[in-house]
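Note that the chains take the letters A, B, C, D, E and F in the order they are written out, and that residue 1 is the start of every chain.
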């Protein structure tokens, strides 16, 4: 609750900050300060301190996982803002910095709702708070046709999926008479899932809609265009924090509700997972633009994250949290390099290692993490996912599919490495100052520390 | 704690090298770091079994366990010998950005040490991957013309393989009694026979790719050929041992049922591989490719002997692990000297080495003998035992594999003849003064070859505990 | 057939026909107007269900505000008749087919749902649709979503400003 | 009125909306079809609400069961309004740049 | 047949009510046009229409006759159906408002207790809002269907103006509703009849905002941007002639009457005649006095409308929007907050 | 710059006070002003019934005069046309023939005499210029017409009625003065 209040408050503060000051730097710093405040407030909530005592009437339930996920996402956002501050200013017509920050805070409010909702109404509102600002961020580069297109496409798809989500929720309501997540799906006398077609249909529709939101195949088709078209800094945010929040919501819904689907859950989910991995990875191989490749790779990564839905053990939470951190940090890092590029083709990275050895190394670390190579957090993320999957009793074939595609992913991530290290050429890159590089080093350091001691992340998860 | 030094020394040296540009000091640092590890290796060989244990991932119950039993010791020794040898022998080579090159080499060494010392499955996997990545960069940056594609192929192969192994590890892990990655727990995992088969297959793919075994070997000759020689030496002398090591360390004790159930087919594959590689080696003109195929053949033989699961044979393998490493290292160094000094690897263009550089020719002949496993050389001990084991397992296979010895003699002697004898070719004539460093290394290696060939007992002693563990339950 | 049923059928037919008209009419303005008719029909349904508040809110929000915005935008762009390029016939056909199959699937599903058999919808009676109980629920049990939706509006507002400003 | 009637009606409207989304190319009309979908859902929710309310009334005359669905509808309308404001802003922005509201316009641009 | 089992008496009563109210509104509207001209004239020191009938009282009839007799013109390029629909909608929307206005308390005729209100729905105000929001369609459709750029421009202006000011209007009303606790106009009026104070005492700011927005919603000067003659020729009804034009003109005046009636009911006690004891006369008489009172209040409001129209110049468009969004809405919010705070403090 | 006159006034750029910015007071002031006009005397003259007094120098439509015997005074000398600043007058002269003495006072007369009322500015210079008092400006308004042609007044339109034959019409046309 702290997070929701503070983020909404900070959003308003940011909205008005452009009145108070015209200094973009100051606005940026207010944003960062607000982020710190938000993180602090959330941690305070973790320790049981509330800003305002509030009876949520069962709309929200704050459990440790949710709050912890919140903290993680906030920290990620903080890092994101900290690194990309200057790039955010440049989007659009350079006059909306404060507004963008306000939107970020509003999105974080949605994130906080999504990590703690206990009522489908809150799910709906949370998803909308998350999505609507994103449509805007996508289209923030107003003069750019691709940005426009991306925004429109994202918007139409998002609204369509909202429709489907609502039909799903309606069906669930029709079957149970309640919007609560814990609405009876198990018949108490027989202890078996209630066979209610409406319920199943509702859940499947919900599943479809959420897949839309997290861009899992076959509902992914908006993703490449949107990620490609959106201003690169915002793509970074969309592909990380927002997507992660989507997954957390996903898990919250289906942790219990999926009982109603019974066995079919284990048909639908693998189908989606496999197609997501297939589409994401295979298509990513053939991309010419790094940005687009990353878009497809984010689909592929979503496929991996979906594994967390498979089981219901404690491992899932660990796995998804670690995965979120690893994936998001690495993606933020890669995008932070990408925004400095003059164009996004693979060729523009040629010879980067010669000109900017440190930058190339950093990019390599990020890519390694994305590919899941040991010593980076990405490895443990994948490991935990596989572990969760195996613990959940998934068929071995699923794991094999997963790792085969993980190997495929190496294929396209390493294309970039090859371009940087093994191909000579003049990289098309803008000036990068030491401070920026230092920030990137910090991300890399986190990735590597987590790659060696992933349990650092979980120390605070269980008390 | 001592074992940790095997990891820390190379890593620190590697990091140090990143900041050192001066070539002389670069060499010095790398070589001295490697020599220090060698000293350490010698120390653990003669000392008792030691181990290191620290908390790592309490959540997963994975510990940072290093342990040095006989198998580990012998491979650590091999690694520790190889790297200084390589560094010294190739110290005249001038790759661009040598500090980074050596730094990556040292990282590779650390990875290899980790692989051989790891007493924890997850840690093992970790080092398995870590040993690979520096090699990827080494080959891709400093390799031959087609390096990028070839190295990438190599990387993808091994990476995919290791991912399979990862699943296998998770699979076994989830069936261990105490949910632990420790080797000991793994050995006591309750696996049904079906589960064993699956896990076996998953592990085996990784090892088979690394060794490589017949259908999965396609990455190897290209990679050897395209890599810079120093890397090729590491690859063929030490890295391939990772696969064999894995089989002995993990496959045999963990999945005894599946292991035996599959021994026929794997042995068959190995034998096919041996013959295939040998025949191809005969046809080779490129020196490096020849050694590469020869290496495939030898590794195949070791694998076959392993899967025969006869004590004698395995004993042979344990010895041969070390011997083959030394031999092949020697051959590569010779080949490197020749390539460096003549500028060609094609045997057609070579000849008359014995007249131009007699010492080198003698050394070449020595290693060639070792490669053919003539008595008195170290390889003879190992191969003899291996054939013995293989024969006990299946005489037909032993016979088929035995053909490879003849074939090895054919291609090795053919090589010696072409290179060392005959008229001094134009290329050979260009050779400058002998490379003293490299020759010194070769002499040391040759001493080891003959010493262990004559007196292999120390090797048997070192590996005795491993053998005991494998065969005495 | 009592009055309610007649009204139900009439409104339903009206709604469906208007909805189809939204789809088939070439002129976007006509589409908008037909959609307004659909909304009216749906409001009529709400009144049948004695959900007066929703009925009126539906008209105020949807017909009165949202559709005016639509109309406004269409007029602003002054999209001429037939200026919209049509999708290929095959795509249209696939679209209709998939929509139709979705409908068939869901209808079949509902028909098979035993729990719904014999369930009746309370028409005309019941007070929950009136403003008083709704308001009470909104400001007690649902005050949190109510407040949070303000965030949604703020963000939409900021967004509209960002996007709308030239 | 049996609940099925309402479900069928709403599903029909919903499907018409879906067909519209799939077949039209004018972004505004696509958007309108989405609104149609939302409305179908709203009606269905109200129908369900009254279904549960009716059932609950038999037990206790003071019951307010089913009111949550109507509140939900209210929120859907509210959110839809916000969505429309943003959506139309986006469409207008696009129109300003391309003078078209064809959702396939830029696809053609790419090729 | 169940259809026939309806309460026919009730239906007839309501039909009569509707007829009376509609025709009365039309009549008043007719004479409001006259009043407008007359007031304008008087304020400008002129006599105004004075030829038709005594004091020109037959002038509106003549105008009406003229409108009806004129040639119907539908432009070729216009969208025919919508062109006809536009004025119809405008007229319908404005007439529909009268359904919830309590014209007086109850009377007893022929043994029936007749409420002088067509329908006392408990969401009365919302109903008004719904209808008001429909009103803009008439203008928009008409303006668009004319296929004339001035009409279109005017339709757009009308739409944005209506939507913008509807917000402030709603917010202003919410503050009032917070004090009354009911949406039913009847209840609100009854509260004022029973209590001593009219709502204007509690909500002066709210009333001011409501009044301003009401003017804007009726497209009255100074907010008559949609028909700003000097910019848009004649605005959205430029292409209209004959009775379709008449409908538009009527609709505007009926809107004015209805908003006056609503303001009177909401803020000025409706049919409440202060300092008059209703119990002292027969109930029917008292009711009729109430109706009369309301009508007088309406007339006063209409006069106020006209007075303002002939005093204040038209806004510029950006000023109009600025006023609506930057002044009225924050003010209304402020009003709402203060009201809420006071209510809370009183609790 | 040196001010040329002392009429320049400094603009008061003092920001408006809050009350002023509210405009409400000013609006009410304005409304009071309009309201006060309700009670002012209406300046309207209800035309057909009431008529405004003409000023003594009012110059209305032209009249071509006749003498007491009903003979036209105009000799078509052309001075009026010359004097006319708007060049509204055209004429053609003709010689009087035998038997026309009762019609024209002089030997020469205007066979055609036209004034274009669209051009005429009613300045009265023609009246001043006329040596024979043949043309003068009456108190009549120029009436409306349907065509442009109709505004070109021919001699028949301008000529005053014959005092002999139509005495009443003549008197009416002649008006009060002259």
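Assume a contact is a pair of C-beta atoms (placed from the backbone, for glycine too) under 8 Å apart; a residue touches a chain by one contact, two chains touch by 3 or more.
Remember, it's a predicted structure, so these values are computed and weren't measured experimentally.
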Fewest hops from subunit D to subunit F - one hop per pair of touching chains: 3
Chains in simultaneous contact with subunit A and subunit F: none
Required minimum of steps from subunit C to subunit D, each step between chains that touch: 1
Central chain (by mean CA position): A
Most distant chain from subunit D, judged by the mean position of its C-alpha atoms: F
Of E-F and A-B, pair with higher C-beta contact tally: A-B
Farthest chain relative to subunit B (centres taken as mean CA coordinates): F
Rounded Å distance between subunit A and subunit C, as computed from the means of their C-alpha atoms: 31
Inter-centroid spacing, subunit E versus subunit A (mean Cα positions, whole Å): 52
Chain centre separation in whole Å, for subunit F relative to subunit B (CA means): 124
Junction residues of subunit A - those touching two or more other chains: 121, 125, 128, 132, 135-136, 139, 142, 151, 174
Touch relationships between chains, expressed as pairs: A-B, A-C, A-D, C-D, C-E, E-F
List of subunit E residues in touch with subunit C within their complex: 2-3, 79, 82, 121-123, 126-127, 129-130, 132-134, 136-137, 140-141, 143-144, 152, 155-156, 159-160, 162-163, 166, 183
Residues of subunit C that touch subunit D when the two form their complex: 4-5, 8, 12, 15-16, 19-20, 22-23, 28, 31-32, 35, 38-39, 42, 45-46, 49-51, 53-54, 57-58, 61-62, 65-66, 69-70, 73-74, 76-77, 79, 84-87, 91-92, 94-96, 98-100, 102-103, 106-107, 110-111, 116, 118-123, 125-126, 128-129, 133-134, 137-138, 141-142, 145, 149, 152-153, 156-157, 159-160, 163-164, 166
Residues of subunit C defined as touching subunit A within the complex: 106, 109-110, 112-113, 115-116, 140-145, 148-152, 154-156, 158-163
Subunit E-touching residues of subunit F, taken from the complex the two chains share: 27, 30-31, 33-35, 37-38, 40-44, 46
Of all residues in subunit A, those that touch subunit B in their complex: 318, 368, 373-375, 379, 383, 386-387, 390-391, 396, 399-400, 403-404, 406-407, 410-411, 414, 418, 421-423, 453-455, 458
